[in-house]
Amino acid sequence: MNGFWAILARDLHLARAESGGALLAVQFFALGVLLFPLGLGPEPGMLSRLGGGLLAVMALLATLLALDRLFQQDHEDGTLDLLRTSPAPLWTVALGKALAHWLLTGGPIILVAPLLGIVLQMSWPAIGGLLAALALGTPTLSLVGAIGASATIGARRSGVLLALLVLPLYIPVLIFMSGTVTAAETGLAFGAHVSILGALLLLSLVLAPWAAAVALRQIGE
Amino acid sequence: MAPGDGFSFQFRARGLAGARGARWLFEGLDLDLAPGDCLVITGSNGTGKTTLLRILAGLLAAEEGRVEWQPEPPGEMVRLHYLGHHNSVKGALTVGANLGFWRRLAGGSDAAAMARATALFGLDDLLDLPARVLSAGQKRRLALARLVAVPAPLWLLDEPTTALDTASGEAFAAAVAAHRAQGGMAVIATHRDLGFEATHRLRMGVTE
Amino acid sequence: MTASTPSSEQPAVRGSALHRFANPARFLRLSRAVQPWLLAITLPCLIAGLYFSLVKSPIDYQQKDTVRIMYVHVPAAWMAMFGYSTLAIASAIGLIWKHPLADLAGKAAAPIGAGFTVIALATGSLWGKPTWGTWWVWDARLTSVVVLLFLYLGYMALWNAFEQPQRAAKAAAVLALVGAVNLPIIKFSVDWWNTLHQPASISRIGTPAIDPAMLTPLLLMAVAYLGLFLLLLLVRMRVELAERRVMALQLARSRAGEGR
């Protein structure tokens, strides 16, 4: 697992050296959420009803933003060649990158979400459900996103293309994250929703690094 | 295999054929490298030097043929260094941090090799500087330092001496000599006179 | 050390790296042989199917004539799924066995499958209007089909996103397989979502209980669509091969012109 720790440490180091660039995603998350009361009107009750789904969708979009740079830099400066010729298995590299990505996007999103929940006048149980949903959902988003990022290295319009590829794959996570919030409020089937989110996370933990490694191997040129 | 023992691997290619996109570049290529060998590849641009190196490195799939090691090196061992036109240097990290990352990636902690590398390429005074303030020549020296800091039996180098001044060129030649003395092998594509003798030469782009 | 660079006088074979495609003779011969048979099956089935579904089949008690849209809609939805399966299998063969025609088959199949998906969506919408009063209904099947359409579009976009077709092929293949694994999960989630948000009575666009008189036209149309899919697939693959051969010849000409 040398490769995993080396890549994780380096990516976090690089993010810190960029001083603030890494936190752009969570700023986008907050800003995006704030657009909705402005667009829809601050009618009491409506925002709190929409809150869970809204925050889930914004979490998806914010996670996407940071994804297309995931491998791009390494590809451009030759580090990807290095990673591919090193003895470290590529799936550990992909896993390390996905974890670094989550720590820099999903993590801050989870921290900021309760504040935004209050702003959207969500109830405390709903906010609790939201935290559970994001805690289990955002790592899955980073993992699945890594597959898309590895497949689009060097592609034209890779940012938009990545979104087009990855958003359909995000739909199950979206449905269950939003469902978890509702379930937390109504008290029905909360366990079921959380279990399914957990299952999706486990599935991606096992499959996503491997799929990303397959995509990384195909780069050629 | 402890560091300092030297390498005793042979590297072979049989019937390699390479293409770049839709262009067929070479076919029927055989290579035999023994410990201490150095193959220099020459040829004008577009003849497939880079493609060949990348195929040998495993970064690009050959259209035909195969590459083999005799004996097969253990999985955790660093088999080869590929150095292309890019330096793989992260500007935001210090010189020392860059080298540290490369060493961690290889799983090794051979401090002696690291010290030798920085001394040979004159990086000892630059270790704390962020790599982005280095000149092109200094960045290339950092990239070359990786070859010495992380021992590996095969070096695949594409124009390694670009942007190097004479002194650094000599340091590079010394590094190659030490590597070969240890049983290492090198395949170097270059336009320039490297200042040492190769055991084999291959000229690309010539029809037989 | 020995090596040889191919001379430029043999453009079609060794002069181009696409030699694997330059003479896919077996495939071309096979497809030419199969085509008339496919046509012979597809055309009658299509005509008979249309006749039976639009004219002769019984009208539904509740939906009256609009149920006839089902005969166009349901097989189209089947073909949308079949198309993606073809894509996924072709991708798997391309990645595992690296058969060059596999990637090509995937690329050729995608727009056809996407086309059927659009037909399924459009006819589903047309069916919904008289039945439920709205142009769109958020039922589980239609929603899944929309997601399927985007999976197709993403796959097709990947093919166009790279300079080198081989790179595009591999990237698209990986995504196709990831999409295939995801499809049952998406279907499951959308069904779940649907039961959470819809009253139970509108859980799917009413597919009437299948009466044997309805089965015949449905199957006829399904066979016709399948034949159409395969025909279009073969044609598209041949066109693609011809395009690549043209490219290879052009490249060989330019190299000969350079003088070596």
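Each chain carries a letter (A, B and C) given by its place in the written order, and its residues are counted from 1.
We take it that a residue touches a chain if its C-beta (ideal position, glycine included) is under 8 Å from a C-beta of that chain, and two chains touch if they have at least 3 such contacts.
The structure presented is a predicted model; accordingly, all values stated were derived computationally and were not measured.
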{"item": "Chain whose Cα mean lies nearest the overall Cα mean", "value": "A"}
{"item": "Chain separated most widely from chain C, comparing mean CA positions", "value": "B"}
{"item": "Centroid spacing, where centroids are CA-atom means, of chain B and chain C in whole angstrom", "value": "46"}
{"item": "Length of the line joining the C-alpha centres of chain A and chain B, rounded to whole Å", "value": "37"}
{"item": "Chain centre separation in whole Å, for chain C relative to chain A (CA means)", "value": "31"}
{"item": "Shared-contact residues (touching 2 or more other chains) in chain A", "value": "219-221"}
{"item": "Multi-chain contact sites of chain B, meaning residues that touch two or more partners", "value": "20"}
{"item": "Set of chain C residues in contact with two or more other chains", "value": "164, 166"}
{"item": "Chain B-touching residues of chain A, taken from the complex the two chains share", "value": "2-3, 5-7, 9-10, 13-14, 17-18, 76-79, 81-88, 219-221"}
{"item": "Residue ranges of chain C touching chain A (in the complex, touch as defined)", "value": "95, 147, 150-151, 153-154, 157-158, 160-162, 164, 166-167, 170-172, 174-175, 177-179, 181-182, 185-186, 188-190, 192-193, 196"}
{"item": "Interface residues, chain C side, partner chain B - complex", "value": "1-7, 14-19, 163-164, 166, 247-248, 251, 255, 260"}
{"item": "Residues on chain A engaged by chain C in the complex (per definition of touch)", "value": "144, 147-148, 151-152, 154-158, 161, 164-165, 167-169, 171-172, 175-176, 179, 182, 200, 207, 211, 214-215, 218-221"}
{"item": "Interface residues, chain B side, partner chain C - complex", "value": "16, 19-32, 39, 47-48, 63, 200-202, 204-208"}
